[in-house]
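Okay, structure first, notes after.
By written order: A, B, C, D, E and F. Residues from 1 in each chain.
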Amino acid sequence: MSTFGLIEYKDASPQVKAIYDDIMTTRKTDYINNFWKAIAHDPALLKRTWEDVKAVMGPGSLDPLTKELIYIAVSVTNSCNYCIASHTASGFAKGMTPAMFKELQAVIGMANETNKLVIGYQVALDARFQPPLDLPK
Amino acid sequence: MSTFGLIEYKDASPQVKAIYDDIMTTRKTDYINNFWKAIAHDPALLKRTWEDVKAVMGPGSLDPLTKELIYIAVSVTNSCNYCIASHTASGFAKGMTPAMFKELQAVIGMANETNKLVIGYQVALDARFQPPLDLPK
Amino acid sequence: MSTFGLIEYKDASPQVKAIYDDIMTTRKTDYINNFWKAIAHDPALLKRTWEDVKAVMGPGSLDPLTKELIYIAVSVTNSCNYCIASHTASGFAKGMTPAMFKELQAVIGMANETNKLVIGYQVALDARFQPPLDLPK
Amino acid sequence: MSTFGLIEYKDASPQVKAIYDDIMTTRKTDYINNFWKAIAHDPALLKRTWEDVKAVMGPGSLDPLTKELIYIAVSVTNSCNYCIASHTASGFAKGMTPAMFKELQAVIGMANETNKLVIGYQVALDARFQPPLDLPK
Amino acid sequence: MSTFGLIEYKDASPQVKAIYDDIMTTRKTDYINNFWKAIAHDPALLKRTWEDVKAVMGPGSLDPLTKELIYIAVSVTNSCNYCIASHTASGFAKGMTPAMFKELQAVIGMANETNKLVIGYQVALDARFQPPLDLPK
Amino acid sequence: MSTFGLIEYKDASPQVKAIYDDIMTTRKTDYINNFWKAIAHDPALLKRTWEDVKAVMGPGSLDPLTKELIYIAVSVTNSCNYCIASHTASGFAKGMTPAMFKELQAVIGMANETNKLVIGYQVALDARFQPPLDLPK
């Protein structure tokens, strides 16, 4: 089920249990994904990754659903099947509609196609797109 | 500047000029990106790609700015420098704020990290995430 | 120009010179690409890589030009700019026409798009495509 | 079997049925791959993708079998298992011999290796390979 | 030089300066890489990334040089030119010899080749390699 | 189990048997991985690949375990599940401890994250990291 197996809640150390508890509280669920149970064999990684995910995926200038869409776009481009399946489910849970899912996939497919056309035709960057950008303060 | 060079507006065939015109009208600009000028050597590709981009990137269930963010996420994951530079500029032109850009990059980085942790730890998919999903109609 | 710089013919050891000579003879040219000059710092790698390339890229069931097209397809998908530039030049030298180049890029773009649609929609494999294939002997 | 399940012919809308019919007629088969049944949930995507595939993969300067080889090369480089399985089957159906398959895989493997040697050794592009190329009209 | 330009030490906020100081102290250098100066526009990202890098790349069961080699292997596989250049320099600074660099590149090239042969030949996993592994406690 | 099925020892040609024998002798095992049995349909590829692997993965300036770690890092970054599973098992067989595995995965995850931050923020290379490096002879 993973390189070292999955650590279930009842078998977890207090340190791991505390993170599982925080995941469940934060996400308002009583379910812990296999991902967390698999990396719980490295409690420092579990802690660091969860804290980073909590900080990065929460509300900000971008809403949590938009962040899920971005997460899915990365996961599809990386061919990470687990990630696609879990974040697609998570996206629907956060309000992604089937119509949004379909537009998301169409954009991902299109971006992957045009990325390769750019590279295959060896397109040089337009001077106006050269960083740094002149942005309003 | 690209495998066959760039086709400028004044040198373009009527067929290519018509697409350049549609790009400029649709995007309310008088500028044609190098990408279009590079693939204009294949007018059928130019036409098909532009029509697909116009259909996919326009408003729908997802707004155009969200689609730009997704485009950037794919381009960063694919290491496509031209695409990142041009779509980052395009994102700012469509209302992306520096704060949104920063959150976008943080999510992309995080997703790329956790994608690899999932794969490296060989995490099996949770039964509940197995497709097909049971979605509301 | 590369991590250790480029080893020019006149500065090469006899072992490296012999491989440079074989490259030039086999390819009917007096030019050695930077790639070979860069990896010549590891003569064992240079020798092994050249011998493998010579064996793999020569005529067989697939002709050398078809092999160049495949090489370009891999290089574009991997975003390897050097590889795209050198193999595109090599393809034209071996008889690739601009029309072939354009069809090649269109297929590469399309394949990258549909690859991601397959993955994003989590499409399960059709039973009939499961390996091993039942092939005629 | 896919995020939304597969849409079988008998359950398809007239719009989707028309595309399924065109796929079967064009390919001289009575079988629709899971890929099309999975993306049929987005009829606009189904239509656009099929029309693009039909245009791009048909005969031209490159024959359809060569295009399948290129498709497989992209799919292997992208680690798209579904795509590899379906296009490998399709390649054999179009006349790819086992010997051709083997040479194809050898080229793909070699190209992936040398792509990374180029990048790892940070090889700068030879002046003569800089685009635009000076091609015969 | 980056999307928002680089933040030099003298122009940095106290929060960013504190991290620059910690980087220089930890690494025993008076130089801050462009990477840190580029992401310093997002002080939270700068802080989190630096703390994670410091925790992950320090000594442990694997020595820092081995970790640099792994970092380079990832960066080459991802075609990240900046990352390759900076970590190659860093590797040499930490004691990587030219001979080690060469073996590293040879392994990276080989692994990329065989990865694709595995995928292209659709090799099923041997039962004995199925996780979870039966490891000594 | 693979495109052409697996060639077992008893069914192998003398040429293939000789390589199987060398693999088992070199690795001090009586087991042949599916990978070799799958590519044995192309005896020239089998021979070349095995000889290259034997040359590259053996002891040198880097020890065989370090080379396994590098192999795993490439395989994870490439999302090659077979490769990860077989080389993870191989790593443990060569002395990788669970603690080393965990640090390896943490470095891989971190490198994938920072690779993308570099690219997403469009960081230009520091002058001091420009190749060629000034290395001690």
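By definition in this document, a residue touches a chain if its C-beta (ideal position, glycine included) is under 8 Å from a C-beta of that chain, and two chains touch if they have at least 3 such contacts.
Nothing here was measured: the structure is a model prediction, and the numbers come from that model.
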Next item on the list: Please find the path from chain A to chain D through touching chains that uses the fewest steps, and give that number.
Entry: 1
Next item on the list: Can you spot which option in A-E, C-E or A-D is basically C-F again, with over half of the contact pairs the same by residue number?
Entry: A-E
Note to self: Can you check which chain pair, B-D or C-D, has more C-beta pairs in contact?
What the structure shows: C-D
Next item on the list: Return the chain whose centre of C-alpha atoms lies at maximal distance from the corresponding centre of chain E.
Entry: D
Check: Between chain A and chain F, two copies of one chain sequence, what rotation angle (nearest 5 degrees) aligns their Cα atoms?
Finding: 120
Check: Same or different: at the chain A/chain E interface, is the fraction of residue numbers used by both copies above or below half?
Finding: same
Checklist line | Taking each chain's C-alpha mean as its centre, the one farthest from chain C | finding: A
Next item on the list: Quick one: report the Å distance separating chain D from chain F, using the average Cα coordinate of each chain.
Entry: 27
Check: If you average the CA atoms of chain D and of chain E, how far apart do the two points sit, in angstrom?
Finding: 34
Margin query: Counting only Cα atoms for the centres, state how far chain A is from chain B in Å.
Written below: 19
Item checked: Residue list for chain A, restricted to those that touch at least two other chains -> 1-4, 45, 49, 52, 77-81, 85, 88, 98, 102, 104-106, 108-110, 112-115, 117, 119-122, 124, 131, 133, 135
Margin query: Can you tell me which positions in chain D touch chain A when the two form their complex?
Written below: 3-4, 39, 41-42, 45, 49, 78-80, 131
Checklist line | Interfacial residue positions of chain F with respect to chain A in the complex | finding: 79, 88, 98, 101-102, 105-106, 109, 122, 124
Next item on the list: In the complex, go through chain C and note every residue touching chain D.
Entry: 1-4, 31, 33-35, 38-39, 45, 49, 52-53, 56-57, 60-62, 66-67, 69-71, 73-75, 77-78, 80-83, 85-86, 88-89, 92, 97-100, 102-104, 106-108, 110-115, 117-126, 128-131, 133, 135
Next item on the list: Please name which positions on chain B make contact with chain F in the complex.
Entry: 72, 76-77, 79, 81, 84-85, 88, 104-105, 108-110, 112-117, 119-122
Notebook entry, point to check: Which part of chain A faces chain E closely enough to touch in the complex?
Noted result: 1-5, 44, 48, 52, 55, 131-133, 135
